[in-house]
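Okay, so chain A shows up in both of these, paired with chain B first and chain C after.
So, the complex of A and B:
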């Protein structure tokens, strides 16, 4: 679609994009990002004995650790993805979403899901212990025992319904488009199907039907698919959409795009069990997961080659064009994290680094270093277009970029380096305290790296606020995706 | 086909997901379908290790136990186990403590026997509590290694019995002081004492001695000590 020359009869931006919902999703996403970072900070200070709030039930670092991961996945990433999809899907297929009222209903419903998750994890156990009527409930009001799926069991069905509505709302315009689709649309279609199936599988099967080792296998699939089949395809779909627009040239090789998508689609879902190597899960399944993981690394290499070949010759844009820099920084981290993954999934590495902070460093590099950087890049690109004004401060944008990316680099490197230390402390059979004491300097550095990342976001928030004030002062028009086409001489927004 | 809506939807979206699900989730589920999943009542039944600990809690904290559980019965013990697991999950204990012993990295020497599938075929492992991170030690063989008093004080304020521990304090498992565990406190201690209670190697805590260090490690430690004395 993207390389098709615009025709006069094509619908205009004003008929396609509901701008207020994009803004609403982005602002909500950033609010959740701040909440998640504060939750991470609480846990980080606890580890180095700097937590002044230790011993307060509602601020228990354990509960807030689950807030940290769940809010970043379902609060920040999901909201930011939905905002970016409301911009890019209609412009990609030249049709508005199925129903604008449905879009707003989903937005509200999803925030209800998030608030319930927050409320359940933080307040659930307390309420249930203190109110007799709630104590008798046959289920827990608090967190569910599934990593990345701690959303309480009682909110899971609503969350699943929300995911179905999201798929319907975006698949509506996609289904009515004829002929072969552009790369982004492949990733989006697959992501809508996979996210729904993954959520259903991970939250219901190990809770109601399976126990023990087979539940562990499903749990592994869920942890992995949530990153691989929800976050990754949406992220790549958006990058395939925005990078050619920003660089004003097509993706280097369509063939490699095909290899990348189909390779990822086949191998990624087969990886899950690599989270539980050396468990009682049958060994042949563990070997299968390891081999598929290494295959994913090969596929990822083709995608990264494709993107770096695309920017070849336009390298200066990395300096001058900030969104391009965000995207390509994220891609470097993606390459690193996948390379790391291909190593750490081997049994040799697992024996040493499983259960250590190596994995925590890896997780931060994926979730923040890749997908959050991409989404922050998209926001950097879109806010001025949504509000039709320049950024309030280019300098603050640079601070945001450097504090986020360097902060993340320090945090990830620090934790990944700590992993082998912990692994060797344990393997040498020294007392447990030795590994905890030995981790202290690394954990302290991690607190400061996290504070740098948080400071970067504060720069961004202030910049957004001032940009919004400026756009309000200028009184700019808003596109809701339902207007008539403007007169022909008014060019649509780039 | 590779660029069309239906191709992506049917082959990649549904097909590949289903293939992965069949091979990675259904295969283990079918392999273990003949292993019966035990109920909590079955786990408590004839588990003298666990009942010993539960009775010990009743003796140590008679008023608190009477108030929250009444008598020492298998039903009450099952109730405490279930609440204990619920608390273990909702307080995120399992994000810092794993529950499986691997056959590598000398874990057998540190924790005890390597984990086996049968150990996990019960409702208290639904969803399974393998865990993915060890900030604190593995707990799958923790039961019986320490007394109930130790656990009570440790939950109240970990640093009182474990210097330098980064574990948060859980004063809300108590009615004001470490000798007054409340319903959740008694439940969580019961749950921790249950872990490993099905094994032959379950220790009586006053007799518990850590597994002796392997010879070559002992030798190397002695050698190091000698060398440091010499220098």
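So, the complex of A and C:
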């Protein structure tokens, strides 16, 4: 049946997808995930006075907290997204990326940006304080003083150029497609444009042109737009692509998915100031952010409804099909984070939880519970396809899933519960130390939850290594995205 | 015949209702707030603050407004459900063409085999018999 419908002139997988780059991005992403988790553990042990590396300047938790967040966003998420895009965009639009060499150049350039960020944050301040020539530099070698924009100022232009190249490389094939586009392509286009604009806005406006509360307002927009206009459209685009393929079932309503997409496009960009409620930013801006947050809240319900309506009747797949389980677990966490947002955006609730660990719990649930789970689901699905062999151990895959998801659930629940406690401690005007002491049991639990999450990833790494070894033993042909179509007699029949 | 078409109607009605329930209040709330921003920028002493979110919003969204207009005009939403089938059909073709390993195993349908599904003819699998093109 497939042979009958496949035409000789149809592009073939090996003409479209450069498999080694997908593998390279995934492996790099996982390396950064491990580094980030170790940094998170360092910070977590510091908070419960268990830090074994106390007093070593270069390993100071203040610096490594920035490594934790930056490496997770730009090292793990960005690399994993790029890997998944190198698989999905060419297959979605039936055209290879604009230039394969450019793809490899971007891969290397992005790792240079990441290494410079790492170097700047860890070594920058120490070097600048100790070497006279560096001290005289008119800029800081270390972190830039912008939340989530800590990539040092001197590397920002290169990072921005890298984002532009990514957009060009992927938009090339997307804009050349004819006819109505699938929702994932819409999301990808949006993500490429927005990520570039968001990065430019957040890193350059407050640094060079704005000051005071205006800079703060833009900082708020930046933090949120990074989640909403970089991570969210890429995540949703990929989920809309992979879930129907895994379920072998079209998405319930493509129309509804487009309502979600255009809703995000028009309502999201004003959200960010909701991070800065009760700050000196004028109240009318804070109210504006609240209203547009409510609008976005309503829009995201379309995505959730659409995905649960799609799996309706195929619920067994949640047990039998592990990638599907990763995706839908992420979807449940997504629903929970949106519910949290609905509460967080009210001024009454903000008064209680602002600056507390509620927010840290929320951040982990979004970044790990939703987007990382989706990306790990994609990797679980794609590694065997890339290496054309089954996973070495299904049991290890289950360990990976359960340790990651339960570890995250415990960590997020623990911190979200701690938030109101801290809020009430502070509201009762007791000394600060009282709230720190009260937080200790929760912070200890966080260490163990983090260890569980890390153990899950170690199971995955070992499984990947053994699967790769097995694939080598079987001699796997590699698709580089440049192969010619086979001679007509081998090609599927028209 | 009418019973056969029912699921399609139900789905369209649900989608239309959701679209209305979501977009109308959101647009109303968002639109009024945005107009307030502009009024503030023009009239209030504090108004200069309003300019940065307005500019940021316009920068991020104006292009999309044009894109939306272009998409409508060029018929992107004419057969709004069609792309979800095309995507799956293309996938099945590509899967079929993916190279196997040297033992001849694990060509394209590996993903499906791993998830324990039979390799069914894809056209019958993906098409919802109740839905129009």
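As a working rule, the second predicted complex is superposed on the first by the 477 of 494 C-alpha atoms of A that agree within 3 Å, B and C clash if a C-alpha of one lies under 4 Å from a C-alpha of the other, contacts with A are read in each partner's own complex, and residues count from 1 in each chain.
By our rule, a residue touches a chain if its C-beta (ideal position, glycine included) is under 8 Å from a C-beta of that chain, and two chains touch if they have at least 3 such contacts.
This one's a predicted model, so the numbers in the text were calculated from it and none came from an experiment.
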| item | value |
| --- | --- |
| When chain B and chain C are modelled together on chain A, clash or fit | clash |
| Contacts of A:37 with chain B and chain C, given as first, second, both or neither | neither |
| Partner chain in contact with A:181 - chain B first, chain C second, else both or neither | both |
| First (chain B), second (chain C), both or neither touched by A:140 | first |
| Touching partner for A:234 - first (chain B), second (chain C), both, neither | neither |
| Which superposed partner A:94 touches (first chain B, second chain C, both, neither) | second |
| First, second, both or neither for A:288, with chain B first and chain C second | both |
| First (chain B), second (chain C), both or neither touched by A:265 | both |
| Chain B versus chain C as contact partner of A:471, first or second or both or neither | second |
| Partner chain(s) touched by A:351 [first = chain B, second = chain C, both, neither] | first |
| Chain B clash site on chain C (candidates 45-53, 81-89 or 117-125) | 45-53 |
| Shared chain A surface residues [contacts with chain B and with chain C] | 180-181, 189-190, 193-194, 197, 201, 205, 210, 213-214, 217-218, 221, 229, 258, 262, 265-266, 269-270, 273, 281-282, 285, 288 |
| Contact set on chain B toward chain A in their complex | 2-5, 8-9, 11-14, 16-17, 19-21, 23-25, 27-29, 31-32, 35, 37, 86-87, 89-96, 98, 100, 102-107, 109-110, 115-117, 119-123, 125-137, 157, 162-166, 168-172, 183-184, 213-214, 217 |
| Sites on chain A touched by chain C in the complex | 1-3, 5-6, 10-14, 16, 91-92, 94, 179-184, 189-190, 193-194, 197, 201, 205, 210, 213-214, 217-218, 221, 225, 229, 241, 244-246, 248-256, 258-259, 262-263, 265-270, 273, 281-282, 284-285, 287-288, 291-292, 294-295, 298-299, 301-302, 305, 317, 320-321, 323-324, 381, 384-385, 388-391, 471, 474-477, 479, 492 |
| In the complex, chain C residues that touch chain A | 11-12, 14-15, 18-19, 21-23, 25-27, 29-30, 33-34, 36-37, 40, 46, 49-50, 52-53, 56-57, 59-61, 63-65, 67-68, 75-103, 105-108, 110-112, 114-117, 120-126, 128 |
| Chain B-facing residues of chain A, complex | 46-49, 51, 54-55, 57, 60-63, 65-66, 121, 124-126, 129, 140, 142-147, 150, 174-175, 177, 180-181, 185-186, 189-190, 192-194, 197-198, 201, 205-207, 210-221, 223, 229, 258, 261-262, 265-266, 269-270, 272-273, 275-276, 278-282, 285, 288-289, 350-352, 354-356, 359-360, 423, 426-429, 432-433, 436-437 |
